[in-house]
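The following pair of complexes shares a single chain, chain A, combined with chain B in the former and chain C in the latter.
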Partner chain A sequence: MPVITDNIASLGYATPELVLAGFFLFILLADLVFTRNRGQMACTLAILGLAMTLLVTLRLYPAGERLLFAKMMAIDPFALFFKIFFVGSTAVIVLLSPATAYIPRTRQGEYYAFLLAITLGMSLLASAADLVMIVLALEMVSVTSYLLAGFMKEQAASAEAALKYAIYGAVATGTMVYGMSLLYGITGTTNLYEMPQAIARGGAAPLALFVAVLLVLVGFGYKIAAVPFHMWAPDVYEGAPTPVTALLSVGPKAAGFAVLIRFFYAALAVPAGPGRWNPVADIDWPLLVAVISAVTMTVGNLIAINQSNLKRLLAYSAIAHAGYILMGFVLLNGQGLYAMLFYLIVYAFMNLGAFLVVIALAGPLRSEELKDYAGLASRTAFPAVAMAVFLFSLTGIPPLAGFVGKFYLFAALIEAGRAWLWLAVVGVLNSVISLYYYARIVKAMFLEKGPSGRLTVASAHQVLIAALLIPTVLLGIYWAPVARFTDYSLRLLGPLAR
Partner chain B sequence: MIGLHHYLVVSAVLFALGMFAIITRKNGVAILMGIELVLNAANLNFVAFSRYVWGGLTGQVFAIFVIMLAAAEAAVMLAIVIAVYDRFQSIDVDRVDSLKG
Partner chain C sequence: MPMQNVLTWMIFAPVAGAAVVLLLPRGRDELVRWISLLATAVPLALAFWVYANFDRTSPGLQFVEHYAWIPAFNIEYFLGLDGVSAPMFLLTTLIAFLALVASWGIKEGVKGYFCLYLLLEAGMLGVFAALDFFLFFIFWEVSLLPMYFLIGIWGGPEREYAAIKFFLYTLFGSVLILLAMLALYFANEPHTFDMTKLIAANKQYGIAFQLLVFIALYIGFAIKVPVFPFHTWLPDAHVEAPTPISVILAGILLKMGPYGMLRVSWPMLPEALKVYAYPLAIFALINIVYGALVAMAQRDFKTLVAYSSISHMGFVLLGMCAIGPQGLSQAGVNGAILQMFNHGTVTAMLFLLVGVLYDRAHHRVIEDFGGLGVQMPVYAGVATVAFFAALGLPGLSSFISEALVLIGAFPAYRTLTIIAAVGIIITAGYWLWTLQRVFLGPLNPKYATLPEINGRELVTLVPLGALVLFLGVYPMPVLDLIRASADQLIALVGPLP
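Right, the complex of A and B next:
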């Protein structure tokens, strides 16, 4: 794999990050200079910035696989997949924000600037090939998330969410950095791609290595909200402005998976044939992650049953979904990774869709509580039907996209042999549990009697809901192009080639 | 003669003290101080490994980045603590518990 050491030459391959950073500064500046229609202008600039980022990201595909900035960053189809993913999910949040009342009028410029900053952080995280870059990019995502979670600081819940998020986040980062210092001590390198040889050469004590990996896993586990590092998620999701919650449940979670895959498959696994890996130095990290996966989905689903606030319920559902996605991670084969990436795409559509309905109804309904959703279908039909589709897709009922995503995950597990059959069984049982609380929302909307009076949903939100609804249904019937794209994206650097 | 092991022991103690502060302290700012201890334990490790085992500047540079990162994090966390004090008239994390479930 070609390494570009020259910094100036590397810049040509870091164009998405450059564009995002440029627009981030530009929005802040424009917000200071102009005085009229500042919110509208910041929103337009953010859309423009994201569109340009998408364009330059697509133009990077012919570049193939390279290491930039003296092996600090990797640019490959895997990283580009996540960059496109992040731009897309942030674009949905930017587009839905103007028609809501969450963000104070005077601080809209900062809001859109922060949305671009968090996208920049996530993009860097998907490319990070060195422990230094992982720490810096992860912190960029985290610190921006704290600020966004506390953006409605006039409200107690939002300020509290920011404090809890910041404390949990900082502890997780501190633990992770300590783990990385041990990893550096054991291997003598901070580069992910040099680590397998360094471990093999050094004959490191397996216990020391295991402890270091465990500490690093705390940082990543916090980012994807896996049990037992999930405690922050429900409070933060409930207290944060709902558009921010929607972003946190998709963007940073996917970024956490991107860095998790690159870290474990590049640094702690050695290739054993095409599309297969073995754990380095016989550390049994797949079993460790499998246990985390099983516990994560079970805890997430069981606690979700009792929730009465929709944001909180969706928070626990998001925790459970992190558990499902982790099932593909433990297999150490290309098929498992493929199922993970495919599920992330599907998850982004259906989860953003469900949050979008909550956001669209928060204005006219003045509530995010489940009890106020009673009889909703007769008051406003389209959002209620869309919500039902998103929720059934999250459960994994055919013929919706969520079914195809779950099918790939379970198929990968079962094909991997008897060793992982127990995890597949846990996953299936969890899907059944999840049906209960998703169906509870649908039942409230369609079968229960509620107050009368029509509700009107902003037309911008209706268009966006339709834009997310179509892929959620379509991907359940015809998913070949997305499958090809996912397959292509799995060509990670060198040893990770499928 | 002071060697690598002395530094590693001090750093492990710092890490443990930091975690102890984070778990036992109720004051938001005191928790922040615990977090700083944990990050500095990592820094000590990086510099000690770099000096005694691997040579080069990788570990030292990593420590500088972590120092910078700790400063950025402290700035944001203090701002959040002020926002919380405005709403709750307290920075005791046990009293900041309107979100539950």
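Right, the complex of A and C next:
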């Protein structure tokens, strides 16, 4: 992979980050200077910023793969895939925010600025190729997340969420940094791409290496909310303003997966042929992650069954989905990674969609409790039908996008042979369990009788729901273009793919 | 209309109907009904054309449509019919049409009901026509979702419980099918979902692989049949579902189970079938006897019919796994497929009849009736035909298929077949007893004003009754469809080692 050491020259390849940083500052300044319609202006600027980021990100595709800033950052189709992903998911959150009442009018400027800041952090994380860079980017995402989670600081739940989030985060990050220091001690380098050779050369003690891996996994596990590092998620998801919850369940989670993949596949695996890897120094981290995956989906799904608050229910569902996605991670082959990326795309559509319906209904319904969803289908049909589609897609029922995502994950597991059959069986059984609680929501909306009186959902939300609904259905029937894009994001992945 | 795509037209006519219904404004209920009727009439009309043009001498696939769908994963849009699928495919169009006529009385949420109903029909037709395993699976699942809502919204008092139970059971079955499907896909090089290729390669699957995959598939399909002990969703779902949906459920949906076995498990995993044949026959026998005994104990008319379905499906299973030293029994396989068809018509009649009575008396407790033969003579006449068909009276359709099954199974499993024949006596017992309790004896004065069966209800029942009578005398119109392909299936499975 060509290395660009010169910092000024590197800037030319960090344009998405530059644009995001620029608009972040711009929104903050504009918010100070202007006095009227500040929220509207900040929102417009945020959209503009995201659109420009998308544009410059797409323009980076011809650059191929490069290491920037003296190997601190990598730019490759894999990183670009995630940058587009983050811009897209943040854009949904920005677009849905104006029609809600979560954010105090006086502080809308900073809200949108923070949304760009967290996107910047996630963008850096997807590119981070050095331990130092990983820590910095991860902290940028985390600190912004704490601020966003506690944005409704006047409400006890929101403040509590932010505090819990911060304390858990501090512990997780501390543990991770400790693990990284061990890794540095073993290998003598902080660069991910130099680690396999360093480990092979140095003949590192497997136990020390294993402990280091375990500690680092705590930090990443926290970000993707994998069991047993998931404790923060339900409280934070419930307490945070719902648009922020929606973002947290998609953006930072995906960022966690991005760094997880790059870290393990670049630093702790050695290529063993086209699209195949072996764990470095025979450390069985795939099995470790496989157990985490199985436990994560099972715990997430089982606890979700009894939830009465929709945000909390979706929080546990998001935990379970982290478990599903991890199934692709343990295979040490291209198919597994492919399935993960593909799943992330469909997950973004259906999960954001489900949250969006909750947000859209929170206004007219004044509730996010399951019991208040009774008879919803007769009060406002379109959001109810859309919610049912999103939920059945999350369950993985064809012909919806979620099924195709799960299909790729299970296909990768089955192809890997008998060794991973147990994980596939755990995975499919979990799909069945998950149907029960997703169907509880559908049951409330369609099968139960509730209060009468029509509800009106903001037209902006209706349009957004439709915008997420169409891909959720369409990708279940014809997904070849997305499959090609995912494939491309992995195929050009120099050291990662070969 | 280009006839080389006749199957696609048949499958997607209901989908088009559903789309039109969805776009109609509120309150146009009558229009919704007529458009839906038209959308089910199109496949029915085309079914006659397919029936007339079906080459009865060819064991191979007919009306084939083959297009690439997702090339990266080698997924194809591949449809076709042969003797195994044609009877059920054609029957589906008929039952779906008649059950739609029976749906005329649905008053609430008309738009949603008919929309889901039409999607359900498309899913079922797709299952019987799909020859790409992936496509098969998609259709299999597409028939699941509408069913959940149709039972859950328009069902009886316990509908919520019944709907989710049905959904969970069948989803559990389908995920196992999904895993088995993937295992078969990767066992072939190049990887393929094409069922004809998966079958052609059946010699190269190792025995351990076959045994494992067979079990996963069997559980998946057995839940749909349902085979004891996976049957507990059925009485709930049947009893709570509205009448037309019970008709669809018992008439068509249950057949997807044995059809899946004949289409997938039997030809793809013949060695596993030979190992498991005897245990499978025992499960079939349990279905026959247990289903009949439980049916006899029922007080609710509809539950009785539901359990009788479990019993009758046992015959399908018994015929399918009748395997001797020469291989699968010809009479057994032909009988099993014919029994699928016949049970579809008979049980559809029975559920329609229960519905007619329930609409008038608003309950289904058998003991409360009595003497209705005097009050509703036409109804009693039609019901008698259906009852006698269900108990296997010679001269009516079920007799032939059940006799074929017993003839086929006898050389393979003597003891089991004798016990199964005893099951027929139990069946005769509970049907005659029901007949006596409902139609004979003194008329309960409460029902002295019960109106006779009306024209619309007769429209739904008479075609089925005519089929039952005709096929009881001359079954060749259906057997002719089946025979060549059944022979091919028997050859594919081969003799016992």
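Criterion: the second predicted complex is superposed on the first by the 494 of 498 C-alpha atoms of A that agree within 3 Å, B and C clash if a C-alpha of one lies under 4 Å from a C-alpha of the other, contacts with A are read in each partner's own complex, and residues count from 1 in each chain.
Convention: contacts are C-beta pairs under 8 Å (C-beta built on N, C-alpha and C of every residue); 3 or more make two chains touch, one makes a residue touch a chain.
From a predicted model like this one, the values you see are computed outputs, not experimental measurements.
Between chain B (first) and chain C (second), which does A:Y146 come into contact with in this model arrangement: first, second, both, or neither?
first
Would you check which partner chain A:A30 touches, where first means chain B only, second means chain C only, and both and neither mean what they say?
Touch partners of A:A30: none, neither chain B nor chain C.
Per the contact definition in the header, classify A:A157: touching chain B only (first), chain C only (second), both, or neither.
Only chain B is touched by A:A157; chain C is not.
On the A-aligned overlay, A:Y184 touches which partner chain: chain B = first, chain C = second, or both, or neither?
Once the two structures are laid over each other on A, A:Y184 reaches chain B alone.
Looking at A:V211 after the superposition, I want to know if it touches chain B, chain C, both of them or none. Which is it: first, second, both, neither?
neither
Between chain B and chain C, point out the one touching more chain A residues.
Higher number of touched chain A residues: B.
Could you look at A:P234 and tell me whether it touches chain B, chain C, both or neither (first, second, both, neither)?
In the superposition, A:P234 contacts chain B only.
Of the two partner chains, chain B (first) and chain C (second), which one does A:I167 touch, if any: first, second, both, or neither?
first
With the two complexes superposed on chain A, say which partner A:L136 touches: chain B (first), chain C (second), both, or neither.
Only chain B is touched by A:L136; chain C is not.
Quick check on the output: what are the common chain A residues between the chain B footprint and the chain C footprint?
none
Please output the residues of chain A touching chain C within their complex, sorted ascending.
392, 395, 397-399, 403, 407, 410-411, 414-415, 424-425, 428-429, 431-432, 435-436, 439, 443, 446-448, 478-480, 483-484, 487
List the residues on chain B that touch chain A in their complex, please.
Within the complex, chain B touches chain A at residues 11, 15, 18, 22, 28, 31-32, 35, 38-39, 41-43, 45-46, 49, 53-54, 58-59, 61-62, 65-66, 69, 72-73, 76-77, 80-81, 83-84, 86-88, 93, 96-101.
Quick check on the complex: what are the chain C residues that touch chain A?
Within the complex, chain C contacts chain A at residues 69-73, 137-138, 141-142, 144-145, 148-149, 152-153, 159-160, 163-164, 167-168, 171-172, 175-176, 178-179, 182-183, 185-186.
Can you tell me which positions in chain A touch chain B when the two form their complex?
Residue positions touching the partner: 131-132, 135-136, 139, 143, 146-147, 150, 153, 155-157, 159-164, 166-167, 170-171, 173-175, 177-178, 180-182, 184-185, 188-190, 234-235, 238-239, 306-309, 312.
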